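Alright, structures below, take your time with them.
The two complexes that follow have chain A in common; it is paired with chain B in the first and with chain C in the second.
== the complex of A and B ==
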């Protein structure tokens, strides 16, 4: 089984800073996403799975429409596998109700006038994200024990929580340590990949202009996110 | 090697606040949360402190989230 741990907004400096050994593996580095005008989640994951820069195509759907992007498996490298399992990936099988609600709560947070109201909405927003994270984590751990030939687990927690809490270092460290423990449960060779990282704006977080990768097998240097379709296909042929 | 545990006294009001905070996290108890925070303080006392809310930061991040398609 080839495994990809796809972690939205996993920040290179925090993976190293928190010494997350299972996320770093033997080789790790930053991805080059400079070809994209902005580090947009839907554009980057779409480009990852198709192996092509999909910015123009995804952005043509508009700010709201882009969240409904859904590529057919035939247009992705997942089609190379006989029995792939993909969990909650943007642009493929993203759980829309979950992520739509995240954006609704985010909007409510910024529209709220009082500090008390903001605090209450942030609590609801955080709880909503953590509850989803627990479900995805269980589904991923269960899938590791099945006979899939390819498994990709997409974890949105570092991005969702990071947008409203990135200045809370203790909370972010807890999330990174949890992701590190999830990586520790993988017994096969695996790739860790993020679409972008995160920069701190006070207590908030903004997407940074590079992503993260790691591997136990090979040093990929400073790859583009679109390179991974080929990298993973080659890995499959080697096996 | 098993870990040995001891007791410390902290104000009840603080425990209640931690109980509220624990509900927003992956921690399962006040003990677990307090242990984690104290380890952080002891290990990383040169690390940055938690940032506080500012309207200027909020305006900046709102503008960025609009550019990224999260907000209208």
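== the complex of A and C ==
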């Protein structure tokens, strides 16, 4: 089984700072996403799975429409596998209601006038994200014990919680350590990949303009996110 | 009355449970601000797990960063008997620099070792540093006993390995305690899970340690700053330790001449004594030759007068020390040229790796064990006896290194 741990907004400096050994693996570094005009989640994961820069295509769907992006498996490298399992990946099969609600609450938070209101929205937003995280985590860990030839688990917790809480280092550490523990449960070779990282803006977090990768097998240098389709295919042939 | 306070450090391999132990000490002594534990518990549950004490420190630091509490370097907890301060070192470099320069002084140390992993290279390096700093009050805790089924056999194996290493570097731990910081075994409370252990808990062990002696209770060390000849001859200086009183029989070092204190002089005040920490003047019965840098003591307990000093240095100058260079040795008000006669060992203060033995130079931020030869005899002390005369700096125009004296002839 080839495993990809796809983590939204996993920030290189924090992985190192919190000494997350299982996320770092033997080789790790930043990805080069400078070809994209902005570090957008949907654009980046779409480009990852197709192996092509999908910015124009995804952006053409508009700010709202792009969240409906759904590539057919034939257009992705997942098609190379007999029995792949993909969990909650944006642009492929991600759970719309969940992520739509995150965006709605986020907007409500910034529109809210009073501190009390903001506080209660933040709590609801965080709880919503954590509940989803627990579910995805369980699904991923269960899938590790099945016979898939390819498993990709997409985790949005670092991004979602990060947007409203990135300034809370203690909270982010707990999330990174949890992701590190999830990585520890993977017994096969795996790749950790993020679309972009995160910069601290006061209490909040905004997408940074590089992603993160790690591997136990090979040093990929400073790869593009579109390189991974080929990297994973090669990896499969080696096996 | 203010309770007494013991300062200590916790050292050991990064993954052996230091922050969990700190979190547990704070939790078991009810030293965590209201609501904080609930918040951490809630977050742990949000991630689908039981509370982890290791995060307590992170959350307290978070508050400090946000300016809610002011002290960045110290964590407090208290017991009925006394208050405790855990000195946090952001890194080895800061810790060593602070300890050697006197910015923060730990009086005791807890060395933590993972029962499962045993003694690691980092454990040894940390232990070595405790030895270098002359910390004599040491507790070893063998942590994560829950991961080895609370096995006495495993405990004894790790203990044996550790004691063997510690004896090589002349550290004799006061206690070796099997603990589980995670589950709270033998931190504040005893535990039936290890009924084969009938020693003290970590808190009980800390409770037996001595607090650093008050400088007033130590022997007299009055260091001379200047001599003023007014209508009388006033010898001005600072009482580094002890108390100087009118009528005291005193000895002037390094000359060794004896006389008696005629009066203690303070501007516009009638006094008969001066305590540690006080800058004051005295007059003497006999007119002796006294100079800046001399030290006045009582006959009963004298410091060492020597020109050969074994010390540990923290080098803080960009320009490395080259074997044979002459620099200033400054201790209290004494200032004499010296050179480093021998550089026994040099250690990287960041990684604590040994860089060289019998080295020829010491570079910026390195810690070195050295032999210093002064051009003329100086009055000094072992750092552990009287810190005030056991600490010195080396300098050219500016300070280039801080040091503590570990052995005297």
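The criterion applied here is as follows: the second predicted complex is superposed on the first by the 239 of 239 C-alpha atoms of A that agree within 3 Å, B and C clash if a C-alpha of one lies under 4 Å from a C-alpha of the other, contacts with A are read in each partner's own complex, and residues count from 1 in each chain.
The rule we apply is simple: a residue touches a chain if its C-beta (ideal position, glycine included) is under 8 Å from a C-beta of that chain, and two chains touch if they have at least 3 such contacts.
This is a predicted model, so every value here is computed, not measured.
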After the chain A overlay, clash or fit between chain B and chain C? clash
By the touch definition at the top of the document, which applies to A:97: first (chain B), second (chain C), both, or neither? neither
With both complexes superposed on chain A, which partner does A:110 reach: first (chain B), second (chain C), both or neither? first
Which of chain B and chain C A:72 touches, first, second, both or neither: neither
May I ask you to decide whether A:56 touches chain B, chain C, both, or neither, giving the answer as first, second, both or neither? neither
Of the partners chain B and chain C, which touch A:19 in the superposed model: first, second, both, neither? second
More residues of chain A are touched by which partner: chain B or chain C? B
Looking at A:147 after the superposition, I want to know if it touches chain B, chain C, both of them or none. Which is it: first, second, both, neither? neither
Note: overlapping chain A surface for chain B and chain C spans 126-127, 130, 133-134, 168-171, 173-175, 178
Would you mind writing out the residues of chain A in touch with chain B in their complex? 38-42, 63-64, 66-67, 103, 106-107, 110, 115, 118, 123, 126-127, 130, 133-134, 163, 167-171, 173-175, 178, 200-207
Residue positions on chain B within touch of chain A in the complex are 23-27, 36-37, 40, 47-54, 56-58, 60-62, 64-65, 67-72
Touching residues (chain side chain C, partner chain A) in the complex: 14, 43-44, 46-49, 55, 58-59, 61-62, 65
Per the contact definition, I'd like the list of chain A residues that touch chain C in the complex. 19, 126-127, 130, 133-134, 137, 168-171, 173-175, 178
